[in-house]
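We call the chains A, B, C, D, E and F, going by the order they appear; numbering starts again at 1 in every chain.
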Amino acid sequence: MSRFLPSPPLSIAVLVLWLLLVAEFSAGQLVLGIALAIALPLVAGALQPERAHVRRTRAVFVLLARVLWDIVLSNIEVARRILGPESALTPTFVWLPLDLTNIHGITTLASIITLTPGTVSAELSEDRRHLLIHCFNLDDAEQLLATIKARYEAPLKEIFP
Amino acid sequence: MSALAEILLSLLIAIGTFFVLVGSFGLFKLSEFFKRLHGPTKASTLGVGCILIASIAFHGLRGDGLGLREILITLFLFLTAPISAHVMARAALRLSPEQRPPQPPAASATMSKAAESDAQASPAAGRGPDAD
Amino acid sequence: MIESAVLIALHVIGFAMLLSLWRLLRGPTVADRILALDTLYINAIAALILFGMHLRSSIYFEAALVIAMLGFVGTAVLSKYVLRRDIVE
Amino acid sequence: MHAAHCGVSAAWNDMLELLLALPFVLACIVLTVRRVPRSATAWLAGLAPLAGLLVLVALTPQVLNAGGVASSHAWIPQIGLGFSLRLDGLAWMFALMVLAIGGLVVMYAHYYLGEREDVPKFFGYLLLFMGAMLGLVVASNLLLLAVFWELTSISSFLLIGYWSHDREAREGARMALTITGAGGLALLGGVLLIGQVVGSYELDAVLAAGDAIRAAPTYPAILILVLLAVFTKSAQFPFHFWLPHAMAAPTPVSAYLHSATMVKAGVFLLVRLHPALSGTELFFYVVSGVGAITMLVGAWYAIFQHDLKGLLAYSTISHLGLITLLFGLSTPLAVVAGLFHILNHATFKASLFMAAGIIDHETGTRDMRRLGNLRKYLPWTSALAIIAALAMAGIPLLNGFLSKEMFFAQALEVGGSGLVRIAVTVAALLAGVFGVAYSLRFVHDTFLVRTEPKVDREIHEPPRFMKIPVEVLVVVCLAVGVVPAWTIAPVLAAAVRSVLGDATPYYSLALWHGVNLPLLMSLAGVIGGALLYFGLRRLFDLHAVVRRAFGRQVFRRQGLILLGVAREITFRLTDGGLQRSLWWVVIALLGTAIVPVLPAIGDALMRPGQPLPPVGWAVWALLVGGAIATVALHRERLLALIVVGAVGLGVSLVFVFLSAPDLALTQLLVETVTIVLMLLALNYLPQVSERSQTRARRIRDGVVAIAAGAGVAALAYALMTRPGGDTVASELLARSLPEGYGRNVVNVILVDFRGFDTLGEITVFGIAGLLVHALLRRARLMPDALPPDSPAALPMPATLSHLLFPLALAVSVYLFLRGHNEPGGGFIAGLVLAIPLLLQYVLLGSQYVESRLGFDYVRCIGIGLLIALVTGVAPMLLGYPFLTSGHVEPHLPLIGEVPLTSAAAFDLGVYLVVFGGSMLILSMMGTVKHAPPAAPAARPGVQ
Amino acid sequence: MHLPVLAILVPLVFGALALLVERRSIATMRAVGALGLASLLVVAVALVDRAGSGVIDVYLVGDWPARLGIALVADRLGAMLVLATAVLATACALHAASGWDARATHFHALLQFQLAGLNGAFLTGDLFNLFVFFEVMLIASYGLLLSGGRGQRMRAGFHYVVFNIAASTLFLVALGLLYGLLGTLNMAEMALRVSTADPADLALIRAASGVLLVVFCGKAALLPLYLWLPGAYSWAPAPVAALFAIMTKVGVYAVLRVYTLVFGSTAGPLAGWAWDWLLPLGLATLVLATLGALAATTLRMQVAYLVVASAATLFIAFSLGTPDAVGAGLYYLLHSTFVAAALFLVVDLIRGQRGARRDLLDAAGPLHRPALLGTLFAVAAVSIAGLPPLSGFFGKLMILDAVPPGARGWVWSIVLGTSLMSLIALARTGSQVFWRAEPWPAAAPVPAAPSRVQVIATLALLGCGIALVLGGGAVVGYTEAAAQQLLAPEAYIDAARSATPQLRAPSP
Amino acid sequence: MELALASVIGLLTAAGVYLLLRSRSFDTILGLTLLSYATNLLIFACGRVAVGRAPVLREGVAPTLAQHTDPLPQALVLTAIVIAFAMTAVTIVVAMRSRSDNGSDHVDAGDEGEGMP
């Protein structure tokens, strides 16, 4: 977290991105990639109002795997419903109360909610305490909220304290 | 390329294409914006993802050089899809304010704490958000 | 086999594009059209990747990447316009 | 044949130029040197004619003995324009007249002009005119002559309009300029035609080629054009009407212009070109016919004028008609008579004008109805004026008599049929009668009649020196009239010889030729005139006859009609505004490019094409649907914009599928930025188009649009399906890698083969940024609708975009570096850099972003442009052409070979300009200051 | 040896520099601008000097053979126009230096870019490059027109911009078609390929050249495409309007260049097809534009119409197609550029003095220095109306002289008739403005005297017009030689094709 | 393929021309945008179209026109796109200013009175 490396995860991301892009693992590209990995976050950091601090790297991977799996499952579910009769759908809005206070955490949560089919995060209340979610088909709001909180919000609270 | 690989790849392509089609079909078929919103933004992510994996494998197996870089497309889609879905939803809410649900029961700080405790009190078990 | 799979897939994607186009032209709300445009972009990415496989060329990667990375900007800006006329404050 | 008379004497050359230069130089001095005493100005002005006369005198022996002085300088030899001057007898005579009377007018004017007049301006213009007139008479190149001809028109315009506060003066000046200017243009045409026939514009050649001219098929045109010039300038019917209106000028001007100079220019030209043009029936009938009519019309109207100057003006018209008639008759003696009358008319008419001016000056009016019995108040002036008037009437012992006698004699001698002879004789007699009548009226009504003048001031003789010019002229009248052989004969002889050459007839200028028919005609004229005048006085109340200024009304009406037509046509043409212009572009396109070639390419439309690529049909449907929907939805602008976005996507998909990845990328990015731009603008435009055009108009436009579209489609199809030809592309492909060091040939073309285009392109882009900056920098615009009460912040997208931003920057760098070998390059990379940053503007607000990043985009453009330029200039230092590309591969430790091309440096310039330009545009548009809501939207503008 | 490219580079570099020093004082900007113009003048004089000897300089940008890369070609015509532009721009910059340049953001940079665009257009030997420089020139002209403007000027600017964009779009269409058909963009190469084109393609080539003609005529304001011009020009600030005097000439130049070179005498069946159209259109434009000048109610509108008329006169001259006529046309081109520009400046001097009446053709208060302004106006008016003894007269004279007998009747009567009409219009204007003065109302502020710098700028331009008269022989000699060079394009084609790169291999 | 492309070019041209002839500034700008699409496609088509032969040189593929499409029209279109974009930006801004200064987005707004009779 030095002055030159404000956000190591971001720098790593840039480096990985670079190496993937050039599709070539050579000394030259590595040097260039490292240079970019240092320089670009510095530029971008100037625009960032709040710093992201990632703890618990392991939790990140667990969450990632979980989300990917959920995406696959819910995709199938939603596809089934789209192809099925529309009358069977009960779309609803529901407010999710948030425990997360960190904006990065909230954003990640909202992104996960959006990326997993069947739910879309539609709005964040002004005080950042509630997230409005639109559900494709909602039978039990309580259960949904509880699921989200347990499966996603809890690990996120660890990652973004 | 082995036959198995061909079949697998074809399958992957078929699945991906299927999801892309379903997404657009949902957009076409469903009757109201918020329902339609679910189709494309979701099915397309998995659809494109499958096709990408197929493509990576395809080019890798063909010997065009293993290009993992297609992964980046998915990465960027994962970064950007929530943004567009979110702003579109907000735009739709603005266009038809009657659809907007009432403000959360606890808009003030104290009330939101109460809501928080409510949420914690509720059972935390379940498969996922699609477990409806 | 895979060639024909890609070819069929391309036509299916074309059909998906038509469906999105229908929504784009039909509306009824502005948000629907924005959504349709967004979907068209996604469809285009799929089409590009498949086309790259069809021609066995990776030359379309950059285009797909740029759509994935920046295609949403149009959607975002249009939505922001609907939300609040001033896109940039 | 006349050239023989012109001995060219080198020693005298400069004198001729000096003669011509004097008035112009002095005019400039007079006009520019201000704040000198009045009298000094007058002396300066007088210096021109005085010195001119001296020069003339010095040249006289040459003219009289050697036939003339000539000089020539090349000017524009390619068109046969030389600065050729020649002072032969004719020119000498006219120059004498111009200078002598000019000198007298200057003297007269000095006393005439009031205390408050702008004297330098007057004398300046007068000298300009004098110079133009001198130039006219000494020019020996017809083009040069035409130049001076128009100069007289222009300078007379200034002189006539001298009292510019007076509406009459302004109108008179414009009328004179219009009529004589038109004549000048006709002269130009005639001169050009003569030049085509003769092959030269030099006077000698032209005069020598009279037979050729007369035989040329263009002779009638030449004659008519030249005569138009003559008639307009000399105020011949039906162009005579400008002259009376020119009387609004100060009297010295009238005295000068309408006695000795301006109107004489016309007849001068007639006599100048007489050897070349005369001698045909056409010439005879037209010139003498017009002359005769003018003579009678002018004389008749002169009788009914109440204004002294008006009477003199009409009499001038009449006398010029007489001169014209004489030249029309064309017999050698008629020419002699004409020349003689030119001189005589100049003297008596100048003195009459001056006398009229004195009367005006002293009584404050020129209206004969208010004047009378002036011999009592102005005895000396009256005497002078009466003598001059008698000369005008052609009373013996005065010069007018002599030339009139000669005129009568020629009228009797005229050839042609009996009818013509009778007509001319009768006209001559009538002219004599009328002439006496108006002269009588002038004398009688002004000086002799016993009614007291109705003026409110004391009348007394003018200053001594004001009368001197009149006296001089009257003395000349008398002297010529009494002893012509001793006074005028040599002058006339020189002039006549230079016109007629060997054909110079014997003539006698004696006062008394015995009792002959002309004398009887003169007598009849005098008696008839007296009878007419007194008869008219008795029968009608002459003073009650009010002449409507018919000519002026016609002129005004014509002018109004012309103006009206002009306004109507112009208004109708420009009525449609922008749409009309664009409509015509489309029509012109259809007319020149599409309709004429459609039949020829009909076959091409039958040629088969290639099959569609797999998704082609969907892209086709997207484009077709999008295009139609854009038209259908265009009034709801936001919707139209979304559809246009889809069309843009379709276009880039076309590029992708048809092997143009670079284009596809560029199209996609530009599309995105364009949509943002349009949305930014839409905020300040109405959201919905009003339908302001009629249905018929829309249908018409639709038909035109479809025609244009069909035409373009046909052309495109014919082009695409024709068998491929030889293009430079094969060479480009072959040389791209070995010489351009790049695999992406499109990029190599952009930065190397045709890097110069790209330099221009980024200049355009940069300027667009500057322009937007300039237009919006201080502007305050009114948004179309007040922003809805929606929250501004979008925290979650903002957070995500933070993550996106550095990654996008990396992609931008990648595209830039890879551009030479893979799709990409400076332009694409620049936009990939700009769009994520733009997104930051959108999601975070401009103030925030600018306070954090603080780019100076204008400098960014400047630096980028300079980098591109410096890259291009560098090889010039080594002696290679601009933008010659170089390539090095230095070996760096750890990294290895690094391929560096100068094209990459050039591309860096592109990158910076594109980034700077697009950000400048977007940030300026995004940060427009709003006009205060209270202010109406109509008038914000720049503060 | 770098002369042709320097004519483009010098203004580009100074334009970029002007952007960098923008934060400094206006004096610095002016110094940069002046330095740029001075250098450009030197380059231009050298170019004319070199081209005057009949050399056709071909400059291979990037050291690529002409048909692969972009070649600049400096022949007499190009060099002459570069010099004319530089002189004109100097006067305009001088005029602007009395204050307008401080009010119009980026003025100096835009002016330099405009010059780069103009010079590029005049010198390039590549059709697409011509398009690019057209665009540089146009966008800079939008900037000059609109920067610092407001109100109605914005509307006029919108018209100008949209019309030109539409025309540029067509330009591209034509370029695309021509490249598709001929496989090259280099004009010399094109000329060669047109002459050997497959007869089956002739119709398409004809169509492409038709599109091109529409484009150029639109820019040069020929009937029916001139309607945009009076509005745009009459709303331009004076120094810019004066600079615009050369903008229509660029269109004329392009017609002349392309239709003598590519579709000129060497073009086989397509040779000179365009000229048949241009004569009647030119005549009609001349009449309508002169009527417009008569009908105009403002001074600037009148001048703008006269600019259209002068472009039409040029078309008449060029469409006659003989060396004499083209030479005369080129002389007239120089004349009309300088004098129309001068007239715009004079009108501005007058306008600034007339209080609320501005340039409406109506009586207003007396002017300061009426003699000076009147003389300036008179000289410019006499010249532009084609009266002697000024340049307009000689230009028209030469054009008339060169009309072949067959066309004489129409051409002469129209050219002379319109001369008369413009004379009437200008006489009316002069008498309204200078003679019909009413005293200022007591309350109205009496306007300040005309700025000395502006007067000098105007005088300089009028001086150029007079120099054209005094040095008529030399100038006509040059223009006639230029015309001959144009009408015999073989030398140009040869020079461009045979130019060999220094390093690289020539094209086979 | 050629027929499809030609018809699209024609249709875009027609739509562009029609919109260009409308009397509101925004419509005109939309028309110009469509026209520039049509033009770009046309220039591009003039190089003769082919699928899968991008002018990017690869090892083992001969650098000839048989293996690659004509790169020059593509370069031209690129330039054209960029210039069109710059011009669009300018037009839009002028339209904004014109509307704001003259109170109407009609392209001839406030044309009455001054200038012409």
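Operating definition for what follows: a residue touches a chain if its C-beta (ideal position, glycine included) is under 8 Å from a C-beta of that chain, and two chains touch if they have at least 3 such contacts.
Nothing here was measured: the structure is a model prediction, and the numbers come from that model.
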| item | value |
| --- | --- |
| If a chain touches subunit C and subunit F alike, it appears here | D |
| Intersection of contact partners for subunit C and subunit E | D, F |
| Distance in touch steps, counted as few as possible, from subunit A out to subunit D | 1 |
| Per-chain CA centroid nearest to the all-protein CA mean | E |
| Remotest chain, subunit C as reference, centres from CA atoms | D |
| Comparison of E-F and C-D by number of C-beta pairs in contact, larger one | C-D |
| Centroid spacing, where centroids are CA-atom means, of subunit A and subunit C in whole angstrom | 22 |
| Separation of subunit B from subunit F, taking each centre as the mean of its C-alpha atoms, in whole Å | 35 |
| Rounded Å distance, subunit D centre to subunit F centre (Cα mean) | 40 |
| Subunit B and subunit C: spacing of chain centres that average the CA atoms, whole Å | 14 |
| Set of subunit E residues in contact with two or more other chains | 128, 132, 135, 139, 142, 146, 150-151, 158-159, 162, 166, 173, 177, 179-181, 185, 230-231, 295-296 |
| Two or more partner chains touched - positions in subunit C | 13, 15, 17, 30, 34, 36, 57, 59, 65, 69, 71, 76, 78, 80, 82-83 |
| Multi-chain contact sites of subunit F, meaning residues that touch two or more partners | 20, 25, 28, 40, 42, 44-48, 51-52, 54, 56, 72, 79, 83-84, 86-87, 90, 94-95, 97, 101-102, 107-108, 111, 116-117 |
| Touching chain combinations (by label order) | A-B, A-D, B-C, B-D, C-D, C-F, D-E, D-F, E-F |
| Subunit F - residues contacting subunit C, complex | 51-52, 54, 56 |
| Residues of subunit C that touch subunit D when the two form their complex | 7, 10-11, 13-15, 17-18, 21, 24-25, 27, 30, 33-34, 36-37, 40-41, 44, 47-48, 51, 54, 59-60, 62-63, 65-67, 69-71, 73-74, 76-78, 80-89 |
| Residue ranges of subunit F in contact with subunit D within the complex | 1-30, 33-34, 37-38, 40-42, 44-58, 63-65, 68-72, 74-75, 77-79, 81-90, 92-97, 99-103, 105-108, 111, 116-117 |
| Interfacial residue positions of subunit B with respect to subunit A in the complex | 18-19, 22, 25-26, 29-32, 34-35, 37-39, 41-43, 45-46, 65-69, 71-72, 75, 78, 81-82, 85-86, 89-90, 93, 99-101, 103-107, 109, 112, 115-116, 118-120, 122-132 |
| Subunit A residues within the subunit B interface of the complex | 17, 20-21, 23, 70-75, 77-79, 82-83, 86, 89, 91, 93-99, 110-111, 113-123, 125, 127, 129-130, 132, 134-140, 142-151, 154 |
